[in-house]
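Several structures are given next for inspection.
Look at the two complexes coming up: chain A is in both, with chain B in one and chain C in the other.
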Partner chain A sequence: MIEQFDAIVVGAGMSGNAAAYTLASQGLKVLQLERGEYPGSKNVQGAIMYANMLEKIIPDFRDDAPLERHLVEQRLWVMDDTSHTGIHYRSDDFNEAKPNRYTIIRAQFDKWFSRKVREAGATVLCETTATELVRDGNGKVIGVRTDRAGGVVFANVVVLAEGVSGLLGTRAGLREMPKPETVAIAVKEMHFLPEEVIGQRFGVKGDEGCVIEAVGTISRSMAGLGFLYTNKESISLGIGCLVSDFAATMESPSALLDAMKNHPSIRPLIAGSEVKEYAAHLIPEGGYRAIPQLFGDGWVIVGDAAQLNNAIHREGSNLAMTSGRVAAEAIIKVKSRNGPMTKANLALYKTMLDDSFVIKDLKKYKDMPALLHTNSSNFFDSYPRLMSHAAQTFMRVDGTPKIEKEKNTTAAFINARSRWGLVSDAVRLALAWR
Partner chain B sequence: MHIVVCIKQVPDSAQIRVHPVTNTIMRQGVPTIINPYDLFALEEALKLRDVHGGEVTVLTMGPPMAEDSLRKALGYGADRAVLLTDRYFAGSDTLATSFALSQAIAKIGETFGRPDIVFTGKQTIDGDTAQVGPGIAKRLDLSQLTYVAKIASIDLDTREIEVARRAEGGTQLLKSRLPCLITMLEDTNEIRRGSLQQALCAARSQVVKWTAADAGIDDLTRCGLRGSPTVVKRVFAPTARAERAAQIDTAERGLQDIADELIADILTRRPALEHELAFNSGT
Partner chain C sequence: MTIAGTKVRVEDKLYQNRYLVDSGRPHIIVRPHDKPSANLLALTYVCPAKCYELNDKGQVEITADGCMECGTCRILCEKGGDIEWNYPRGGFGVLFKFG
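And now, the complex of A and B:
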């Protein structure tokens, strides 16, 4: 017997679960395919989860979702080899009834999300890889082939939520293989520490959490970001840089992470911890310009597979969840007016997504990836060193007249980058940020 | 024919550790799997069903989360899954477990048809006792065929079965009568991948959930901690030996010299050995 579904969702990450949940809870007959042993077994993220985007899908998620800590403090660090200069923002306002951001552990969170998807009525098949899109004579996608025996299933629409390196869309020519310069590889370790030790080290109590994001010499002149997130009984510590940069510099991600762990600003925070997990993941960082065609006859692409990731604000899962939800809502609208799942009708997804923060944010930073990546040695090495040096000169009391100190600092910046270089970097950064 | 396969959800022992202070097993966050030995039993049962027709029922006793293992078994192609779950079963040793399972198998017999064969794995990887299978056979008065390497033949008309059983010093060929209980050896087959249709069925089918009462168990004193005379007095993690194996460089000297030196070294450590060796070679 050949089965026909209203929708097949390929992948059980944030975007796939958001899409499958939204579709199934509106009564559509949904099949979700996941290649991992269980949903979450293949999924890697830092991870910070943004409540607002999940509330729009499951309003009362706080009742039973496995959440680690809600964030009350965020530290942004610029690092050189021995120091960090930082901006910290901490506010008791974040201790609210419905906190805004949480750290999560994806393996647990995704299991919960998937249970919600199943409870909403979707059929979820794990250990099942979608290998090929099935098309009709006119090229419309009408189903997928899987790696199981007798493995073709049909649907009116296929939601590709297969992640950054998913093969279905690239094999079918719906999108390009991610290029080394549009994907970062991030590695992370889970450092386990007793809850009270984390509380003491980061000055947090109960479920309060703190995150650190760090740029500077830790990425060895490459455009990259280091992070440290507090979970209940563990710390997620990681760093990521562009694949093309790793290839050009012949640096290894694990060596970067090891060096970061030994940085004098990081080492005491993780001292005595036990590493129980090591993970690596590709992150789409091409930004707005790397977004592929998002819809077609019988298909839509969501989440990482669609390069929907805001590297500047290191937001990914909320763009994924939102794109999954919006795609589902578009599909539901098309179905409700008895429309076929054609390219023309599914364009509604793009229209709705354009109207959301997802595309608006990515558009805002459309020039940022190129700027940071072509000037990475300035932004991730020279400036952090200069900034650290300036800060130290400012702090250190050694009898040098202050006016002389300021002159020296200014001279150091000009020597490193020239007046024109400084002005040009500032202008380009401002333009890209605008 | 109706086959019941008993499986157990166990922590993945490759990823388990013992707490350095309390000496208890740290189960938190450790992924669970179907006891690997049970998969050989399940595959053998599925193969028999494919040849002789009938149904395969998988049975497990455990906490509600053990349903995951049953769903997995359904995905491999089992026809029905029964989860025996009740707080009265908590803390069961092999005696209480085999009691509860045998009661449940009897109930399965009443409800879904008398089983011709009950399968279990050779043993579990968390308890390693290999007692539950024989315990079930004894209670249900089934012929007991343990450590089975191969099922040579089954004749459903004469109700006879022939199996090869691994025994010390060789293989025994046994003939027995159905119904019987078989504990299956490892590496006797490889678990199949269910078809898409079977995977879809598994995702949609309901697992039968029975409490002690549902399974017709009246005597709760024989269940769980109360029915378990086994007492774990102490758990400890073996300490790593301080002695390290020495590496011998064979590039510089001849093997004969190295061997002579080693033998001399061993004999110095165990002087009695020389006498024993001389005695043995003399006889």
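And now, the complex of A and C:
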């Protein structure tokens, strides 16, 4: 007997779980496919989770979700080989009854989220790799082929929440393969330390947490970002750069991570830690211009698979959750008026997403990826070195008259980038940011 | 720093991870070649798990057991036909404890 579902959700990451939960809790018959042994076993994230977007799906998530620390401090470091120049923001206002941001550990968080999905009534099938979309004679997506025996399952609509390197959408020609210049490869280690040691090193107490994000010479002239997130009893430490930059420079991600761990500003923070996992994952970096067609006859695409990641603000999971929820709400609306899951009807998903922060934010920064990616050696090497040199010159007291120091610093900037280069970098940055 | 030195460290890193290896059914296959393309050669550096290595004939070989399924090689080499790329069968492959 062929079982027909209202919706099949491919993938049990943030966007898939948000979609499956929203659909199932409105009474739709939902099948969710996950290739991992358990939800989360294939998923990798920094990870920071933004409460607002989860509240819109599971308002009382704080009651039982596995949360690590709520963030009270964020540091942005611009690094050269021996220094960092930092902008820090810390506020006691972040110690609130319902904190805004938390660090999480994805394998644990995703298990929790998946339990909620099952409690909402969805069927979650793990250890099942989706291999192909099944289409009818008119090209409408009507189901999914899996690697289980006799493994074709049918549904009125398929939600592709298959992640950045998902197979189905690219194989069916619904979206292009991400290009090397629109994805970053990030590597990450989990460094375990006693809770009180983390508290002392980062100046936090209880469940308070701290985030460090770092740009500069740690990425060896490539467009990239290093990060350090405090969990309860561990530190997530990683670095990611564009795949195209790695291919051009033939750098090794693991060597980059090791060098970052040895940086004199980072080393003392993780000293004595025990590393319990090494992970790697692609991150969509193409921004607004890399977003594929989001819907079609019998399908919608959400989350990383749709390149919905805000690289400038390092927000991904909240865009994933929101796109999953919005896609589900659009499907529910179409179903409620007995409409078929056609391309015309599912266009509602895009209309609703366009009206959300997801597309508005990505649109705002639509020119940033191109700017940063084509000028990476300036933004990730020259300027960080100049900034560090300027700060050190300013602080070091050595009898040089201040006027001379200022002249030297100005000259260093002009030597490195020329007057015209400095002005044009500033103008292009301002335009792209606007 | 030698490549060999780097390789040993990556193997040490992967030793911490959990895998369920699908013996005899590698999910990535390198197409036979005389001389690797630039992107295929780059994988010997860029693959975060160092799954790709040069053999003594100058060809690139893969041992996918330590693969973290990130997809970097797929992005660089699937389109050009250097590799055949799939996810492991359901349940197999890397099993992240923390992710």
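Simple rule for what comes next: the second predicted complex is superposed on the first by the 434 of 434 C-alpha atoms of A that agree within 3 Å, B and C clash if a C-alpha of one lies under 4 Å from a C-alpha of the other, contacts with A are read in each partner's own complex, and residues count from 1 in each chain.
The rule is simple: a contact is a pair of C-beta atoms (placed from the backbone, for glycine too) under 8 Å apart; a residue touches a chain by one contact, two chains touch by 3 or more.
Everything numeric here is computed off the predicted structure, so don't read it as measured data.
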Chain touching more of chain A, residue-wise (chain B, chain C): C
Partner chain in contact with A:26 - chain B first, chain C second, else both or neither: neither
A:124 touches, of chain B and chain C: first, second, both or neither? first
Which of chain B and chain C A:150 touches, first, second, both or neither: first
Chain B versus chain C as contact partner of A:392, first or second or both or neither: neither
Partner chain in contact with A:221 - chain B first, chain C second, else both or neither: neither
Which of chain B and chain C A:3 touches, first, second, both or neither: first
Residues of chain A at both interfaces, chain B in one complex, chain C in the other: 127-128, 146, 148, 276
Chain A contact footprint on chain B (complex, rising order): 29, 68, 75, 193-197, 199-200, 203-204
For the chain A and chain C complex, residues of the former touching the latter: 35-37, 40-45, 47, 105-108, 110, 126-129, 131, 146-148, 164-165, 167, 177-180, 183, 185, 187, 189-190, 234, 243, 246-247, 250-255, 258, 275-282
List of chain C residues in touch with chain A within their complex: 1, 6, 9-10, 13-14, 16-17, 20, 38-39, 42, 45-46, 48-50, 68-72, 74-76, 78-79, 86-91, 93-99
In the complex with chain B, residue positions of chain A that touch it: 1, 3, 31, 38, 123-125, 127-128, 146, 148-153, 276
